[in-house]
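These are the structures, in structure tokens.
Both of the next two complexes hold subunit A, though its partner changes from subunit B to subunit C.
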Partner chain A sequence: MAGPKSSSKPSPASSETYVAVSTLWKSYLDQTPDRLKFIDAFLAFTVLSGVLQFVYCVLVTNFPFNAFLAGFASSVGQFVLTASLRAQVNPENRSEFKEVSPERAFADFALGSIVLHFFVFNFLG
Partner chain B sequence: MRLLSSALVTLLTLTTFSFASSSSVLVVLDPSLDRENYSIFFGGLEKRGYNLTFRAPKDTSPAITDYGVPNYDHVILFAPDTKSYAQDITPQSLVGLLSENTNLLIALSPKQTPLTSLAAEFSLILPPPETPLISHHPARSEPQTTIPVTVSSSSPILTSGIPPVWFTGAPHALGSTPMLVPILRAPAESFAADSTSDADSDALVTASEKGGEGLWAGSQMGLVTGFQTNVNSRVVFAGGVKMFSDEYATKELPSGGPPGNALFVTDVAAWVFQAKLKLRIDGVDHHRVGESEAPKMYTTNDEIVYTAHISAYDSETSTWKPYSGIDDLQLEFTMLDPHIRTSLLPVSGSPGTYQVQFRAPDRHGVFKFVLNWKRKGYSYLESSTTVPVVPPRHDQYPRFLSAAWPYYAGAISTSAGFFLFAALWLAGDVKGERKKGSKVE
Partner chain C sequence: MVWQFSWLLLAATVQAASLSLQSPRFTISTPDATQLRSDTLSLTEKPEPLTLGPTDTLKLTFQITESDEGKGVQPHQTFLRFYDKASGEEGIQPVRVTPGGKAKFELNMVRPPASIPPTTHNPLEVSLILGSFVHAPAQYDLFELYLPASRTPEHPDEASFHVLPAIKHTFRPEQKSPPQFVSAVFAATVLSPWLVLIGLWSKIGVKVPNLFSLSIIPFTALLGAFEVLLVWYWVDLKLGQVLLYGGILAIPTVFAGKQALYATGEWRAGRK
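Presenting the complex of A and B:
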């Protein structure tokens, strides 16, 4: 993934925005721990899922409205929980969450998600 | 024992009495009109099983009603010139009879009597007193007030093909009430005038030149008109009594041949005495498609089957027989307004049954099945059944709709993603921890 991106980088170097974005991307790839990248991938997936459902709702139908609410809330809720997890396990935030160990953070995340999905599936049908 | 037998006898007399009075007719006949002169009409009634009782207008007995209960099923008032009656015959008491399901056959005349003011209450507008119907056509030897009137065959009351009938008397204009049933109309060339001589024919010409204002003329006037009340009792106003007489029943028409008077008055009497065009709703039932019992309540969008059973009275056998002859019956499913109005058609193969299947509206509330069939000459058919229509219960809605699959997929994939994420997170714990640590250091 990173290989082709960096090779295509120099050709449109004229655009400053592109330079800025590519620098950001490169530093993200270099400096972010794998754990956080993994969380980010999951966050991207929930965002994509939520956007797709919202587009379907707007363009096609919101008819079983409870199903839309459940599906969309599942994406949003999962995003929020995962983002919290990311904030708590990020080593740079260790001073903020002194008493929250990464294991405790993950346990909170897992419990919150299970409760969320319980409500989602109750509301879905 | 004696008590029992006397009770039996009383019961027996009561039943025979009620049977005899089931078609009893009181004829209030003016003494100036001889009963023998109307023998064809009265004889025909007696032959068809009517039990006639005669009485003069000023006699006090037999009474029309006792303690507000009518003593007779039908009353014939052939006293067109009588101005004063016995106490029990008043316009109010006659209206009271109609509301007690007694039928009236009333003869009017050009004279002003209590009955002419009664006719006005039934939306018949009579011309000024002493203005009989006059016609100079067709040419004939009879006086100009003795008129052969062509019978229209459009009324369901009359049998088709009745020859013209002789008429003498007063016409009337018809008011706007839809309960009126025109039976005989005046000839187009006839008019009502206040003199039997042609002396003031100039006045008529002047009136007709003014567009006919104030002129009593033409075929919009009625001569014999029926009225059916809301309780289906019937009253007929005839403009003259002579059309019922033997003289007119046998008088040859100007065109030759016998007149239609005998047949016409028989048809009119049959209608007014409820022997003809008498319908009733035997019963209605309604249920969901595929069921046979009426449910306590319907759900919106249910498929409903509504059935009505209608009978017509057969006077020859005195029984009610299923009747399938109505082709314009309508059913309304109303909540304030008719949400559904559909035709209720006879079912072929089962006489007297009318059935329709329809979908309940997507609207909950207290609905009524309404049958309301009112046609001139026929008994009114009215039926109303109230049913509640409720929204579906919480477990009656459709589930797992195809339109919702993207939402289901979204929720399921998020859950699956969460489990995958958790599994990978826990599996990669040691390695990730080390990596993280090295990165931070």
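Presenting the complex of A and C:
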């Protein structure tokens, strides 16, 4: 909390937050393996895609509703699958997933994605 | 024999004290108390038939006396009988008689008693029936009465025995697609994350040196074939066909995947 002592600075709280966030971002860029960044980019893509579809549904129309459901569900489902893939291939989590090799995680990801896409196309109408 | 004589004697005394009707009189009036018709009734000759409108009131007064003494008596039973000769329907209405033998009966057509039979354009024959334990019974045909034709009360189940109105379905109006321009703008917006994805990936610059290696490419191709199959499903195929083709496709994919991922594991371990 910004007390009266630190009121001499213009906006200490926001600058502290800024410092914290920039530090976090920097350490992410420096320490995260490129493969995980690759997955993170895909996660960001699914989030962005889902949010935009939802915005369209709210602002314009939900017609045809089944198509919206399919698109939105594919975004959400793909995000979940990718997030679990990321959790399993992260070297930091090696101790958590001792018996799950990254290859096994990818095989799960591929199978889950195919099943998800089957349902999505089923809904697409 | 003695018993029979005594019964006969009793009967004779009963006959002797018979009932008679004194000063029978009727009045027909409208709701605003205007008298339409008022007359005494002759017991020997019927008057002109009486006619009641739908809101009129018929008032009937008389006194019952013992014929010999002229003293008013209260018979044990006093009924007015309304009889429709054409339909055979009849209605019996009890009349209250005072101990002095005086009786007054009112028939208000606004609220007719339930004992009135269903009426048509035919007149009802109205008669007075007197019954007594100690007097001989008596019946007087009073007059003929025209009542407004009755409306048959509706049976509670009446409504279920008619043709129901045709069912009309109301549908929500057809949903419309937004204008093409809006659709196009949002389609571009929703596709724009692909640019972001490609931009980020190219910035990260992950190398995939083994993508086209012989052990990897069959797996990638078969995964692609799955996606193609699903698109084909969307465009044309039926569910059963998709499951069949998918099942066939799954077999080589499993082997290719096993080989590809085994190879990847070897590379990861740095053995090749």
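Just so it is clear, the second predicted complex is superposed on the first by the 111 of 125 C-alpha atoms of A that agree within 3 Å, B and C clash if a C-alpha of one lies under 4 Å from a C-alpha of the other, contacts with A are read in each partner's own complex, and residues count from 1 in each chain.
Criterion: contacts are C-beta pairs under 8 Å (C-beta built on N, C-alpha and C of every residue); 3 or more make two chains touch, one makes a residue touch a chain.
None of the values given here were measured: they were computed from a predicted structure.
Chemist: In the superposed arrangement, which partner chain does A:22 touch: subunit B (first), subunit C (second), both, or neither?
Modeler: In the superposed model, A:22 contacts neither subunit B nor subunit C.
Chemist: Answer with first, second, both or neither: which of subunit B and subunit C does A:91 touch in the superposed model?
Modeler: first
Chemist: Applying the touch criterion given at the start, work out whether A:107 contacts subunit B, subunit C, both or neither, answering first, second, both or neither.
Modeler: In the superposed model, A:107 contacts subunit C only, not subunit B.
Chemist: After lining up the shared chain so the two structures overlap, which partner does A:74 touch, if you call subunit B first and subunit C second: first, second, both or neither?
Modeler: After superposing on A, A:74 lies in contact with subunit B but is clear of subunit C.
Chemist: In the overlaid three-chain picture, which partner chain does A:118 touch, first (subunit B) or second (subunit C), both, or neither?
Modeler: So A:118 only meets subunit C here.
Chemist: For A:60, is the partner it touches subunit B (first), subunit C (second), both, or none of the two (neither)?
Modeler: So A:60 meets both subunit B and subunit C here.
Chemist: Of the partners subunit B and subunit C, which touch A:44 in the superposed model: first, second, both, neither?
Modeler: In the superposition, A:44 contacts subunit C only.
Chemist: Which subunit A residues lie in the overlap of the subunit B contact set and the subunit C contact set?
Modeler: 34-35, 38, 42, 45, 49, 52-53, 56, 60-61, 63-64, 71, 106, 110, 117, 121, 124
Chemist: Per the contact definition, I'd like the list of subunit C residues that touch subunit A in the complex.
Modeler: Spelled out, the residues of subunit C in touch with subunit A are 175-178, 182, 186, 189-190, 192-194, 196-197, 200-201, 204-206, 223, 226-227, 230-231, 233-234, 239, 242, 246, 257, 261-262, 264-265, 268.
Chemist: So in the complex, the part of subunit A that touches subunit B is made up of which residues?
Modeler: 31, 33-35, 38, 42, 45-46, 49-50, 52-53, 56, 60-61, 63-64, 67-68, 70-72, 74-75, 78, 82, 91, 106, 110, 113, 117, 120-121, 124-125
Chemist: Okay, in this complex, where on subunit A does subunit C touch?
Modeler: 34-35, 37-38, 41-42, 44-45, 48-49, 52-53, 56, 60-61, 63-64, 71, 101-104, 106-107, 110, 114, 117-118, 121-122, 124
Chemist: Using the touch definition up top, name the residues of subunit B that touch subunit A in the complex.
Modeler: 399-401, 403-404, 406-411, 413-415, 417-418, 421-422, 424-425, 428, 432, 435-436, 439-440
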